[in-house]
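In the two complexes that follow, chain A is the common piece, with chain B as its partner first and chain C second.
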Partner chain A sequence: MTQSRKRAYGRRIALLSSGPALFGLTLFLIIPFLLAFALTFTDQRLVATDSGRFVGWRNYERLLSISYVVQDPQPGVQGKPAFARVRDVTRADPVHRGFRPFSDFSWGQKRVTILAKDPVFLESLLNTFGFALMVVPLQCAMALALALLVNAGLRGQTFLRAVYFSPVVMSMVVVSIVWTFLFDRDLGSINKLLSLLSLGTIGPVNWLGGRATAMPAIALMSAWQGAGFQMLIFLAGLQGISQELYDAARIDGATAWQRFWNVTIPGLRQTIAFVLVVTAIAALGLFTQVDVMTQGGPQNGTSTVMFHAIQRGVREENIAYGSTVAVVYFAIITLLILAQQALQRRWSK
Partner chain B sequence: MSVLSTGRHQSVSLRFALYALMLLLALVFVFPFLFMLTASFRTNEQIFAHSGSIGAFVPTGELTTANYAYVLGNGNILHFFLNSVIITTLTVGLGLIVNSLAAFSLARLQWRGREAVASLLVVLLVIPFEAISVPLMLLVAHLPGLGFEAGRLVLTRSWLNTLYVQILPFVANAFSIYLFYQFFRSIPKDFDEAAYIDGATPLQVYRHVIVPSSKPVFATVSILQGLAMWNQYLWPVITVPGESARPLMVGMQQFFGHTTEWGNVMAYATIITVPVLAAFVIFQRWFVRSVIGSGVKG
Partner chain C sequence: MGKRCGIAAGLALLFALGGCSDQRRVDGRIDLSLWRHQAGDVEESAGRYAIARFEASQSKWHITPQSLPQGGYTQSIVAASLAGQLPCLMTVDQPMVASFVQAGHLRPLDGLIPAAVVAQLNPAAQGRYQGHLYSVGQFDAGLAIFTRRSALDRIGARIPTLDHPWSLAEFDDILGKLKATGAYKYPLDLATRDPKADWWTYAFTPMLQSFGGDLVDRATMRNADGALNGPAAQRFGTWFQSLFVRGLVDRREPDDRAFVTGRAAMAYTGNWWAPDYRKAAGDDLLILPPPDFGRGTVIGGGSWQWAISSTCAHPNGAAAFLRFLLRPDEIARMADDAGMIPVSEAGAALSTDFRRGGKSRAFFDLMQRFARQRPATPAFSAISNSFFFALQNIADGKDPHDALDDATDAVDQAIADAGSTPAPQPGKVRE
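Let's turn to the complex of A and B:
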């Protein structure tokens, strides 16, 4: 074969071997990704043929518009201060057309009401951040503790490592269903255990049915399910720390606690940053647990960004609006990754 | 070892405390599984009667296999099971070929645009599936496909409610390619150069040099992809509303939503979980390596 024919042959082989994967990635990842951005400027629906018109920033406006009204108290019945209905106030003011109340609080004598065009999204966003703030520290701390424990050189640690990891291979659907029973107000083992440990002083908690407890309950379960994964990553990180550092610290008389803060944590810095970001990304995408356990309830108390995207985009067939929610989700993830990379650059200097 | 190092430095009481802690944690990690298994052999009354004691996790008292008989005899669990097996094996099988070939091309062949594709791949890694699920659903809802109508193969206007809508979008996987790519680059170049001198073609080098020396990464990709496919929920729940192509996880969720018989629910959950748990017990070492391999650098 001549050189040029050989090169043409090589090119063909290269194209042939990477072609199917590149085709798949283009059709099922790159195009939908670009489509997501494009759709946010339309009124595309799933089936209606007369949809898909350009609507500018309308979807973003509906999603992200926030406002507020401040009301002075009016003399009410029996001298108690009363307030006009927020709905009447916003209706009277063209600036607030399309806004609905999200929440309100007192400011001295006045009442401040936060308004949003899509209060459920605002609530979902706050729920999602709240969930991430609970689950990320909990899951990562649990994972690190488990990793330290199975790295302590005790007998049986390989077996226990497998035990701690086993929930990771269970499906989140199954885990969610089993825990729905465990969280049950009257029958669940968690309430029974709490009652036993507290000698009956803690009454039955309606975990998944209460607005204040539903998200923490889901966070607890999610941390339990996922911690084994991060444990293994921490374990790999721990084994990368030189034993000499520990020996040196010991010779200097450092306690276990000091060795942990001055040798283990600095040695795991990169791993910790990686694990935190990976866990946070997964947490911000929370969907399955909510869909199986609470369907976003009670009163949207467990609705999340992804749940809202699927609810609006697929179940109400408003593809354009669902895509807008997804794009906002992606923007949050991107910020997170950029922050992590900035941190890593700083550390590696 | 590490902070909690054993050996001469560790006192007996510390070691005892660590063992106690490890066992306590082990209980925390297995108790929901034990509950599921135990409850699957009980009637509703028995489950409720035992829920407040240690008996909730230990199969004592009246046990029955009626739940399994009911779940297997009513509804389509076996059909859904088969769907999930087909989806998982085909996606993993096709994915191994397609992604490893692409990685081979990127890591071992010389062609223009290779570097650009490799860096594009790293960018694609950060796009979570959740972010594209809605537009992807719109796309597959309007792709022409194949289907059966009255026993005849016909052209359809949508991929919804099919098995392949759960397979084809997941065959090509940026993360799998990335894992293969990293591994292939670490294989010494002399190996393929020797083969090329002997007159081998690139595809022969792939088959006889690269693949045989890459078993660990093939195992890693199979396990990660297999777990993800078997446990997948978000995508089938939005693209497969009908029963014929429904996978197990959606079947489970639907079953859960339409019954108050907890024994049946737990039997269903056990049937779904046991194959994965069995695979995990058998291939434990490989599972551990896969996770560590996936986290080495993202």
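Let's turn to the complex of A and C:
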């Protein structure tokens, strides 16, 4: 066989072997995504049988439009500046029709209100990235700690490994319901325990009902549920570090901490990168916990992009708009990944 | 989104492959396919017996029933319609009727069920859209205030009647006194733990209406502005928020046993809880009308109903089954077997539980007097979801006026969008 024929043969084999996977990816990922992309330019409903009409960029415009109003203070009660209700302003002015207040700040005496046609999407976007920033370090640290514990050669480590892994195989819905009970303000075990440990000085915390605590509570619970999976990956990584390195470090008189910092961590660099990426991907898709535990509340404090897409697309049957949310989210994440890779390339140079 | 659509697509594929033909015969009878949502064992077996009785009552039609999970029921219908495999008969949640009609799934029942039969049904049991009848209910569900006589006696509260329900001031006073006894952390259970928009809309729209507001302007059905965010609706929103601020209602009940265990003095819930509550409270149990918040007491009407698909090859057979279900003795059977509220006076009279003096008669009287249907509009899902989020935000402390304005804008946009797709010709049936 000549070189070129050999190469062609190899290409055929490669194509044949990757065929089943490519077929699945095309059928379940690429085609649905292209369909979703096409849907974003229509007013397709979920229940209707006929396909929707072409509406141009309307869905994008409704999703992404941002504006602002500047208000002068009116003479208020007791010297405090008062402002007209923003909703009254936006509903009266045709220019601001369809806009809702997203956020506001003071500019000297004036009040500036940022308006958006879909403020819930913007809040959801911030919430989702906020969740990822909380859960990724927490979950990875927990996973690494568990892996080190299980790998330490203690007695019953097989049992411990099974215990730590068990939340992963539990249904997320079940885990969420159980944690809703644990987080309950009046009857939940977490508040009872806090009160017991603090001798009653810590009053009942409204974990899922407070804006400040709802998302951290969900992050904590998600990290607990998911850490077992990353623990297994870390375990595999730990077992790949040569024992000789530890022995050499010990002969050099390294303390346990030094061994961890100078042998274990460098040895796990690839694993850590992989685990961070996997956890971040899972975090950006946060949906089930929110749907079961808070339904996006309190006041959209835990609404995530996926939750918003399902609300609009499926529950309100506006599949075209739901698709638009998904497509825009996809674009944002793609941009982030490209930026991250560009930065990485620059660093490694 | 992915999972649900996947199921729907899978179902569509399944039915396309299954390819059940229209002219299937079973024992020499013409077969009619029937889909129903899974609604619990009691209702399920009651439905099975009704089908058996129908088949015994005549020799022309046979029915093949199939139960589908309630969660994905709508998606299943959509998938089946895409595959051209809609069943002949199906159950439809009443608020979804308009949406299904708009999508062309349902056949008008006007000529198929005699007007005299329809006339004896409560208005809430008739699923009408744009002047045509598309679905009929064999039963209804209804909400009431459940409480214990001893709890009211303890604070010296008046026991309300159908003619004189509690007023807003009275109701507030009673809740405050119940709370003041110290026996209840949250005296009223509103099932706020339910995460489904359906419940919040079903339970609290009647209160909004009793205050004088509504989900949409019922005169035009074209917009929510003024109805959902007007002064009456704002009064409702402010009061609703105050329930949580004053600690009268738990924002998130840990379970649904607050009344049974005595944690709450009062529960606002449906007739389906009556058996458990009777067991827990015995003769102490009171089933009371919801308060009159100013414009008369209102209870949501219209439960799961029956409809015939637009592609059904034998509408006469399907209609024969519906006419059978609407016979007073069948309505009475369903009421007694499944504990559902009968939808006609004649049906109630034949039932053991719902006839005058029967143990569940209170529910029938409540529905006869106070039932009001949810608005028949294809935008109902959007309306329901928007109202749900407004209520959740209000309960969590958002300014009620702002929250209701948000919902109003969303509803108005949804209605405008739904109207932009041409409605099918009334009475025209898609082949």
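Going forward, the second predicted complex is superposed on the first by the 277 of 349 C-alpha atoms of A that agree within 3 Å, B and C clash if a C-alpha of one lies under 4 Å from a C-alpha of the other, contacts with A are read in each partner's own complex, and residues count from 1 in each chain.
Here is the rule we use: a residue touches a chain if its C-beta (ideal position, glycine included) is under 8 Å from a C-beta of that chain, and two chains touch if they have at least 3 such contacts.
Since we're looking at a predicted model, the values are computed, not measured.
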| item | value |
| --- | --- |
| Superposed partners chain B and chain C on chain A - clash or fit | clash |
| Touched partner set for A:R91, first chain B, second chain C, both or neither | second |
| Partner chain(s) touched by A:G209 [first = chain B, second = chain C, both, neither] | second |
| Which of chain B and chain C A:V174 touches, first, second, both or neither | first |
| First (chain B), second (chain C), both or neither touched by A:D43 | second |
| Chain B versus chain C as contact partner of A:G10, first or second or both or neither | first |
| Touched chain A residues, chain B compared with chain C | B |
| First, second, both or neither for A:P298, with chain B first and chain C second | second |
| First, second, both or neither for A:G24, with chain B first and chain C second | first |
| Chain B versus chain C as contact partner of A:A326, first or second or both or neither | both |
| Partner chain in contact with A:G313 - chain B first, chain C second, else both or neither | both |
| Chain A positions touched by chain B in one structure and by chain C in the second | 46-47, 181, 187-188, 291-292, 309-310, 313-314, 322, 326 |
| Touch list for chain A against partner chain B, complex | 10-11, 13-15, 17-18, 20-25, 27-33, 35-36, 39, 44, 46-47, 146, 148-154, 156-157, 160-175, 177-179, 181-182, 187-189, 192, 224, 228-229, 232-233, 235-236, 238, 241, 243, 246, 250, 256, 259-260, 263-264, 274-275, 278, 281, 285, 287-288, 291-292, 306, 309-310, 313-314, 319, 322-323, 325-327, 329-330, 333-334, 337 |
| Complex contact set, residues of chain A against chain C | 43, 45-50, 52-53, 85, 87, 91, 98, 100-101, 181, 184-188, 206, 208-209, 291-292, 295-300, 309-311, 313-318, 322, 326 |
| Complex contact set, residues of chain B against chain A | 1-7, 9, 15, 18-19, 21-22, 25-26, 28-33, 35-36, 39, 47-48, 51-53, 56, 98-99, 101-102, 104-106, 109-112, 114, 117, 124, 126-128, 130-139, 141, 168-172, 174, 177, 201-203, 206, 227, 230-231, 233-234, 237-238, 249, 252-253, 256, 262, 265-266, 269, 272-273, 276-277, 279-281, 284, 287-288, 291-292, 295-298 |
| Residues of chain C that touch chain A when the two form their complex | 1, 4, 74-75, 77-78, 81-82, 96, 99-100, 102-105, 185, 195, 197, 250-252, 254, 378, 381-382, 385-386, 389, 392-393, 396-398, 401-402, 405-406, 409, 413-414, 417-418, 420-421 |
